[in-house]
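Each of the next two complexes has chain A plus one more chain, namely chain B in the first and chain C in the second.
Up next, the complex of A and B:
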């Protein structure tokens, strides 16, 4: 798979970032090499290997009892936010959904 | 216009009734002050790690078992990536390739229609955004972020808007029976997105589907589907193509608008959640949860019909709520006449609950007391209209029927001597009406019965009063 200009633009959109022309070129080369490496890995015969979703495949997730705990103080959290008002996080207007 | 077949599938989100969130200990209480139930985990602060709430897992397993799903002994959490201000982590932890439950079903339309359930999986809710008219900002409350949800995905087995609403109603009944979700659609505890497409009758290929979001009532589900089916049929009828769009239903305007097109469709880039290991479900958990499942609505309905001899319609109404079914059953057990109790519960009791906007737990008449009231009617102690007055009194005061009847002197007059005297005085007081009746205006009998009821302040035995009146009138015909 070739990482072309269109793929880079799509990735920019997904990551919500804007790249310069030079960055696009550099990243496209780098990503190409990374994807190339993964393609190389895909040549390994994995017919008899079951898929892995976590590195520690033998372990399983621990469960927690359903007991509420106190969280953070609102003022402390909102003081760290870029913008807040009346106890809410304030963000640029969004209309989707 | 060619005739089309409608293909509908539903994605239903149910908020699980846990005390704490899916992956952290924050409270899930509804209606608290904004941003007072948040912590580093649900706010997505660096270094915070999620830990799975066992109660949420049990609830999802319960739903799976109740809908005939296979419960996976090993399932995997996945990251669903998207950027939106209601999601502080910029991803939602969900399940993707390996859901907890799959391949279930439920029945609607009195058992006639089977609707497949593709999967039931666990995930977390997003926050709430508030948009104010004329304000160029939105406001985010993160209290709901991380509240546990199950997503129930149906097979594309639904063929009409009505069927979709029935399916949704059935799901609501089941989650309420299981006590895993309060089913409150107004508060958003139960939400629904629909997928709909049309195809030419007889075709076995699916057409292009659209998705309609934001349906928060059964009526909205039905109306939005009707609207969308009509829109698609019109386009197809004009020989145009359906675009794979996501639409948003506006229940006030009664129409849907395109929210995003296929080109703008989200690319969620799912991948296994690296912060969580696989979810192993021990056989012992499945067995324990299985024993906690109560008699479900379908089984209860069958039993009400076969054991108690109720008509199917009655059984359906009564079993639509576990609490109502329980109330009915307790009353029927006291009285021993299921059909009489069913009439009262479906009529007076449900009306009272609706009028007062209360649920059965707040209802003042206990099953034993309602049974006693019905027994008064059946033994001839009071007549039906009086019984309904007594019922309203009981619903307000919680007093016993017997005491109200005694205190207000409502005992039915069945004594023929006493009734006869009233009949004679009524006939004497309305000579014109009597004459007209005797001349053939039969309808006036009703008027005269009404006068007898009035004279006795509603206490006369209606049938006896009618019989006595007829008898007395016939006598006057001769004289």
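Up next, the complex of A and C:
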């Protein structure tokens, strides 16, 4: 078993997800099967094959000129946030006094 | 004549000739939605009054006749932003959120005279093959209420199949336009990676995501592509250069075209009925004057494994933005920032999204990166090369769209791996960034549609659509889900 309870707990921390004990049991079993399935990639000979991160069908990524331009309105963005004040997103306290 | 049953091309022609108005079409669409929405659950947001009001003002002004889409309504998958409209992505984590802007593709549609209609149901963040992962419950297949419409663009496909839409937009990361189109008996197209700007499409796996149309005919897909494509400064992957007229070659027929059939890949298996339907079509295509050649794609069978590493790695990164700070839902239980993040995400995300984020995190984490992620990227190169080699010998590759007709709701939802395998024939195309289109090719014994997809050379949607259109004529599929 590759994905045991300890691995899952570690992944939860990294991914900022917290599972209930019941969810953890179910998901670790499912993830273990999926990882078992993707193991088949190990049988492919990839000697001298370079990795592909995206297939863009163009020689170069298009870059725009590095000039300031107008983005979305701040207030329109903030109006959709769970909590905002004075032009900022507001979150629970991050630093202890 | 019920206008909601007509395709886009026909309605545009009639509207230009002054025989019908946008209001006529909108009224018929609204009537169909009112009659069928309760059974099928296609829409997550549908504002009937606004649709009729917009159609009425367009009709009164008369300007619609000078635009390519002539005031016809387009339904939008609910992971594409429409200004001031709720966008849920089928997730509770976006509860209450409204898009502050239009996606580029929506801007393009409006510019070309479309009316933006309702938002269609989907698997949460487009992760799934049945719409069962929607937090708001599944859409039903119009051909059979016990069956899934496919996914993730199941709402968009069911809407077109049930004539609750003339056309709709979907997004396709591993088959999410083509597979539901196949399950619902309509046409679904994924353009070449980069053809359509993704600005305003909520990102799932950025190296694979592409927006495309779901329509009632290949011709309608060509008309939609003509107004959807083009370079966009807001999406660095959008392709520069002129957009061709995708409808130009449509009626050039089968003669002179070569279709490639990857017999080795087909050995991964499929329902006997799907195989029969596919083989008969291959024979027909050959008999009608096209060349059919065997091509070899030895690495395509690894595409599903490759995809679930790459797509989930990208998803785990893309979905990090849903943290309770910027959009939608935040937990009530937020005594410190860490608790706020994890509880918001725990309450907001469904099972499949959590599974994929965790899997993506796993394959990217220290010690596993080379074994999984890097190896998957290398295998991806081999899949790309398989297609390039195949396309040296043929104009388009031909495959069943899915290994079975629509499966039953509930049949695969408890077994994620089994669900993933329903995308075995669509996923390789996303890995290679190629254009693919699925057309309906008949009905099973229990009246569920079959689909076949064609996969073209990069950027050569014109030839692809010519071939698909010729086969569409040959099949002459006229069945409807309702008697």
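Methods note: the second predicted complex is superposed on the first by the 88 of 97 C-alpha atoms of A that agree within 3 Å, B and C clash if a C-alpha of one lies under 4 Å from a C-alpha of the other, contacts with A are read in each partner's own complex, and residues count from 1 in each chain.
The criterion applied here is as follows: a contact is a pair of C-beta atoms (placed from the backbone, for glycine too) under 8 Å apart; a residue touches a chain by one contact, two chains touch by 3 or more.
Please read all numbers here as calculations on a predicted model, not as lab measurements.
Peer 1: Check whether A:82 is in contact with chain B, with chain C, with both or with neither, and answer first, second, both or neither.
Peer 2: Once the two structures are laid over each other on A, A:82 reaches chain C alone.
Peer 1: With both structures superposed, pick whichever of chain B and chain C touches the larger number of chain A residues.
Peer 2: C
Peer 1: With both complexes superposed on chain A, which partner does A:66 reach: first (chain B), second (chain C), both or neither?
Peer 2: In the superposition, A:66 contacts chain B only.
Peer 1: Considering only touches as defined above, state whether A:91 meets chain B (first), chain C (second), both or neither.
Peer 2: both
Peer 1: Output check: A:14 vs chain B and chain C. Expected answer is one of first, second, both, neither. What do you get?
Peer 2: Touch partners of A:14: chain B and chain C.
Peer 1: Does chain B (first) or chain C (second) touch A:22, or do both, or does neither?
Peer 2: It touches nothing on chain B or chain C.
Peer 1: Let me test your reading of the model: by the given contact rule, A:74 touches which partner, first (chain B), second (chain C), both or neither?
Peer 2: After superposition on chain A, A:74 lies in contact with chain B alone.
Peer 1: Can you list the residues of chain A that touch chain B in one structure and chain C in the other?
Peer 2: 10, 14, 16, 53-54, 56-57, 61-64, 72, 77, 83, 89, 91-94
Peer 1: Within the complex, which stretch of chain B touches chain A?
Peer 2: It is residues 18-20, 24-28, 33-40, 42-43, 51-57, 74, 76-77, 81, 83-86, 98, 129-131, 135-142, 213-214, 248, 259-260, 267, 269, 272, 274, 276-280 of chain B that touch chain A.
Peer 1: For chain A, which residues count as touching chain C in their complex?
Peer 2: 3, 7-8, 10-12, 14-19, 23, 27, 30-31, 33-35, 37-42, 44, 46, 49-58, 61-64, 72-73, 76-77, 79-83, 89, 91-94
Peer 1: Considering the complex alone, what residue numbers of chain C touch chain A?
Peer 2: Residues 96-98, 100-101, 192-194, 206-207, 231, 233, 236-240, 299, 302, 304-306, 308-309, 316, 320, 323-330, 334-343, 345-346, 349, 351, 354-355, 357-359, 361-362, 365, 371-372, 374-382, 384, 416-417, 420, 431-433, 458-459 of chain C touch chain A in their complex.
Peer 1: If you look only at chain A, which of its residues touch chain B in the complex?
Peer 2: For this pair, the touching residues of chain A are 10, 14, 16, 53-54, 56-57, 59-69, 71-72, 74, 77-78, 83, 85-97.
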